[in-house]
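Shared between the two complexes below is chain A, which pairs with chain B and chain C, respectively.
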Partner chain A sequence: MNGKLKSTLINYLFVLPAVLIFAIFYIYPFLKVFQLSMVEWDGILPTMQFIGLDNFKEIMQDKIWWDSMWHAGYITLIALTFQNGLALLLALVCDREIKGRNFFRVLFFVPPILSEVVVGLVWQWILDGNYGILNNLLSSIGLHSLVHNWLSDPKTALTCIAIVHSWKGFGWGFIIMLAGLQTIPRQLYEAARVDGAGSWQMFSKVTLPLMIPVFSMVVILTILGSMQVFVLIIAMVGQGLVYHTTVPVLRILGAMTGSSRFGYACAQGIIFGLILIIISFTQKKFSEKIKQA
Partner chain B sequence: MDINLKHIIIRRTKLSFIYVLLSIVALTCVFPLLWMLGSSLKTQSTVFSDPSLIPASPEWNNYYLAWTKGEFGVYFLNSVFYTTAVVFGIIIISSLAAYGFSRLKFPGSNILFHMFLAAMMIPLPGSFVPLYVLVNNIRKVLLEFLTAISPFLIKIFPAHFVQQSIAFIQHQAFPRTAYVFCMINVGLSLSIYILKTFFDKMPGALEDAARIDGCNKLGIWRHVALPLARPALAVITIFNALNVWNEYILAQLILSSKETMPLQRGLIVFQGMHVTDYPLLMAGMTMTAIPIIIIYLIFQKHIIKGITAGAVVG
Partner chain C sequence: MQNVKSKMHNFNVKFKNFIFLFLILNFTFLIFNLTGCGGGAGQGDRIQPAVTINAWHWMTDRDDAFAELAARYEKKTGVKVKFELYAPSDSYTQKVRAAAQAGTLPDIFGLLGEKRDFASFVIAGHVANLDSEMLRDNAAWKNKFFSRAIAVNEFLPDNEFKVEPGVYGVPLDVMNIQMLYNKKLLKDAGIKRPPKTWDEFLAMGEKFKESGVQGLVSGWGEMWMIDCFASNYAFNIMGEEKVMKTIKGEIPYTDPEWIAVFNLFKEMADNNILYNGIVTMVNKTAEQLFANERAAFAFNGSWCVNVYAGMNPDLDYGVMFPPAKGDFLMKAWGGAGSSFLVNGRSLFKQETIDFLRWLSDDEQQAYLAEVTKNLPANKDCITKLTPVLASFAKAMEDTTHPNIWPVHEFPLVIEAFDKGIQAIIIGEKSPAEIAVEVQKVKEKELNKRRQY
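After this line comes the complex of A and B, so read on.
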């Protein structure tokens, strides 16, 4: 009996370091967010003022916050269409017998392994209004009218960020979708061809239904990743509170480091987290429905 | 014959169209990097005027200047330190836990394991706020403790040594340790998941043999489980190394002094101070990107495996 108890205790020791780190650096902060969301606190003074749900009420009327949500939504929309469309097209092309497939696969995955800081700074240099290669190129081929300051013009800044984000991200979708396509048995295509199916029919009747779980996963990953993008934006347009390219996570960071309102930052984090959970839950239900239909 | 020829022509056109598409996309993937490399070899005056990809007389000295004057040497060594420490920590801690969850019996093991799984699926935007508060609180308690015991220490050790040690803990040891633990936590859940899946599939015969030979549980973990798990450990190592090397926001919040900053943070700081010094900035960025690209080219199979594994859970 004593030996058995000792043995169980030793078993606990194996998971203890992981559980301790998890409790201190994940569970404690997780709970702390809820406590802080109901106070007004500058992060320095030892006293916090309890204000109940006032932070949440304030968020409801915070126009910049909801605009930042739209900005993230816009980036996500471009990522879902342009980035994933490109990823799917390339995956479909690479699924057939192509010479140098591995070569292309290696190259397409170079942008995703680079840091957002490096990617953001390189593209900032390329898009630079005065010395950027893009403007140089445009004026050398006679398109002077298009030359302008891409990242400081509110009309183009967000789109540029969304495109760079898609450039950095399409390799992920490509790898996952190509892996998914390669699990489809070749005999299915053969059978469809024998039955006289064309390329489009094969895609819509064979590939598409079998790929729904993979698409669903890519869509969720894209939404969660794109809604929370912010380091790329810091690298491209700076840390300051640039209104037309701000996104929710930058608002949270700004509320904390800029205006020293830790409670408000946590309340924003909770609202944003809930929105993300609702989106991915709805998306999951939605794709289950498609699967059944 | 005629139909056949038409068929071949259509096929050829299609195929060349595909290659053109693939080549254009591949080109856009590498062009920014080549442009970065090229710009890092130009001078402050030619970087704005010379449009060539590789300058006629490359300015290699930029790398020396970036390493010393730009302080990228310090940042680089810091990045190496953080990456090594975090990956080492994750390997030990996650393999112990995964082995425990997979092979050892104790009440609550299932609940604890699912807690780690849940952590991977719940998005926590802005989790850096409470983490920053946590690290700050620990720092405060530690400082109070150190100031409280310093009068006693001064009686034993020379005063300036005590002061230097306290300053070292406050500005170097503490922020570095805090950052390493935060980053271990970031990579822990996925690593435990990958390793547990691996251990679950591993045949138990070798462990039984080791047990009969008198090996205790820790010995079996060390001498049987870990060596067998090498493929899974490779995935974890590379995946976490990329993650730590590329991390930015926690580094900004926890590591405030230049002596402790890693590369990603150093790049943003450098850019903020020398807005137009593009050649040195590009040299610093090349130093940041090259190790990652080399590791990627060597281990691309493992990296892609890790991504597919991560995607399956998420």
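After this line comes the complex of A and C, so read on.
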């Protein structure tokens, strides 16, 4: 074996373990999901029945699936506005020289590190229709008409879940936005002040444009995190209030373990993945355009 | 200088050869491990000289008792039995399914699911047929158990799943689901005795409202508990034959008697019988509420005796069959408790069967019943029960369970049925609307079955 060939082989051998691990744990499962999406299989039987694109056709007509997609979209919308708005507001406050800002930084980061199950159960207790703190509070301030069972009412259940999800998640946005704010050179603010800019002008002309890459990242993380929420929902409303609190991940889980429809669950997973990719790319392009403008 | 260069060159060549050899060995080692040639994956104790039986279960309340029985068995026979607990039951189910796909199931495991899942496990060779063992010595082992407990683990000739007939599991305990009433709360509401008829039950709603007592709690946020209640009344209102005909697709869910079943839930909601928020309530919460005397009635299984004893030892309650509405015999959901299956590919199949035979003997079953307050599957141990548990035991002959029915409903129909009942309870849809929706799903599934 000549030296050059040996050297090339050595190089390939160095790369091989990483390629193998990547192929076995990423590429193979990815291809397997595609294969399984075209079969009718319960996940246990040794035989699978090839059904082509029937699973995908069924998904297109599955109203509950598309309703669940809308529910996830609604949770995401609230997270994008309420959660990120709150995160930005608190990041702006903590970026200033205020007393005890380190304490607040730690405090605001507590909800994200709590288990979703714990958060879900605590909020379920707060929102309980019979003994919940919220209802007690509303009664004590005379708002008796608002007292009801928040999680068993289709009009309020999903919004409650979305707000709790936002409360749990705002700490991530807060930390990232605070880090982003701290990278903005202070001289820019000083120069703007010298030029006679007020607080709003400094925010809109200095802070906002320079924070666009940070916003872009926070928005993508919020979309991906919120679209895939499900543990919190199980902790708060069990298997759901009819279909009013169902989200895509719960449908996939239900198809796989409840109805034993592995193929259908894989097809749902592919469709859901594609939707998330499309949303992420669209959002990225949108952010780039804003940045250029 | 030339000498140094030559030595450096030799060193480089040797170093490269060493690296080459090192990488080849590593690569071989990696392949060897990834392909499982190293042996022991999933049943790591196989290479041990002594017999070790691995068992997986989900029963948190019985883990200590299993460990104690395993220690006794090892002392007696030298065979080690290693119980591993995986909870909650959803996680356990996922673990068992994943292990089945990977071929790493333990020697003993249990299945939580429908009969069709059980059939798939058997067809895939994951479960051993115990018929020859059960039928030995004039079926001595089989006859120890309640017939309902065996039926759940049995596939009869010409079953719809085309599984080889036989018994495929060893029942550990049995259960049935009934109604429980809090004696003190009924008294506080001015009610002298538990209801005997459906109308009496509904009439209690007014008294509950007046006295501020909440009515019925149950884990109806977990779909299957709704299914149990509805199935009891379906048998009571239209009889077993008609229920089976509906599952076969011969009678639609839009039949007036099915609408009457759906209507029961509307009546309960309208008459203040149901606990506020019952539709999203998990059974653990329902158990806490009943144990803490926050609800007058509970719809729960016989396992609750142990649960309530842990939560409130002073709770004064009684057990009753749900009050009848129709003319047919009311059948309680039950029979199926927990069962252990033997891995069809176990290296210690005979040792595993011997252990399960020992576990189902009178002494061990009596110990389990005493410690865990569950109904033993061994009918000879039923004599030493507390009064409440004895009431549950008495109902064993009037139980039924989908896993012993000759036909099985489609999972999507069950889902539409249970979710529909939730919609009725919250006043979103009428019983007739739900009946139409369930029937639509049923027809879709029937068409699919014809197609494939």
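The rule is short, and it goes like this: the second predicted complex is superposed on the first by the 262 of 293 C-alpha atoms of A that agree within 3 Å, B and C clash if a C-alpha of one lies under 4 Å from a C-alpha of the other, contacts with A are read in each partner's own complex, and residues count from 1 in each chain.
Throughout what follows, a residue touches a chain if its C-beta (ideal position, glycine included) is under 8 Å from a C-beta of that chain, and two chains touch if they have at least 3 such contacts.
What you are looking at is a predicted structure, and each value in this text was computed from that prediction instead of being measured.
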Look at A:Met217 in the shared chain and tell me whether it touches chain B only, chain C only, both, or neither; answer first, second, both or neither.
first
Return first, second, both or neither, reflecting whether A:Phe14 touches chain B, chain C, both chains, or no partner chain.
both
Classify the contacts of A:Gln49 with the two partner chains as first (chain B alone), second (chain C alone), both, or neither.
second
For A:Leu36 in the superposed arrangement: first (chain B), second (chain C), both or neither?
first
Under the stated touch criterion, which partner chain does A:Leu151 make contact with: chain B (first), chain C (second), both, or neither?
second
Just chain B (first), just chain C (second), both, or neither: which does A:Gln268 touch?
first
Please work out whether A:Leu138 is in contact with chain B alone, chain C alone, both, or neither, and reply first, second, both or neither.
neither
Once chain A of both complexes is superposed, is A:Lys6 in touch with chain B (first), chain C (second), both, or neither?
second
Does chain B (first) or chain C (second) touch A:Tyr28, or do both, or does neither?
first
Counting residues of chain A touched by each partner, does chain B or chain C come out ahead?
B
Where chain B and chain C land on the same part of chain A: residues 10, 14, 17, 24, 43, 130, 238-239, 257
Parts of chain A lying in touch with chain B, wherever the complex brings them together
8, 10-12, 14-15, 17-19, 21-22, 24-26, 28-30, 32-33, 36, 43, 86, 89-90, 93-94, 98, 104, 106-111, 113-119, 121-123, 125-126, 130-131, 133, 136, 167, 171-172, 175-176, 179, 217, 220-221, 224, 227-228, 230-231, 234-235, 238-239, 248-249, 252-253, 256-257, 262, 265-266, 268-269, 272-273, 276-277, 280
For chain C, which residues are in contact with chain A within the complex?
16, 19-20, 23-24, 26-27, 30, 34, 90, 93-94, 97, 100-101, 113-114, 116-117, 120-121, 123-126, 214, 219, 221-223, 275-282, 294, 411-412, 415, 419, 422-423, 426, 428, 452
In the complex, go through chain A and note every residue touching chain C.
6-7, 9-10, 13-14, 16-17, 20, 24, 40, 42-46, 49, 51, 128-130, 149, 151-154, 157, 236-243, 254, 257-261
Give the list of chain B residues in touch with chain A in this complex.
18, 21-22, 25-26, 28-30, 32-33, 35-36, 39, 47-48, 51, 92-94, 96-97, 99-101, 104-107, 109, 112, 115-116, 119, 122-134, 136, 181-182, 184-185, 188-189, 192, 217, 221, 242, 245-246, 248-249, 253, 264, 267-268, 271-272, 278, 281-282, 285, 288-289, 292-293, 296-297, 300, 303-304, 307-308, 311-312, 314
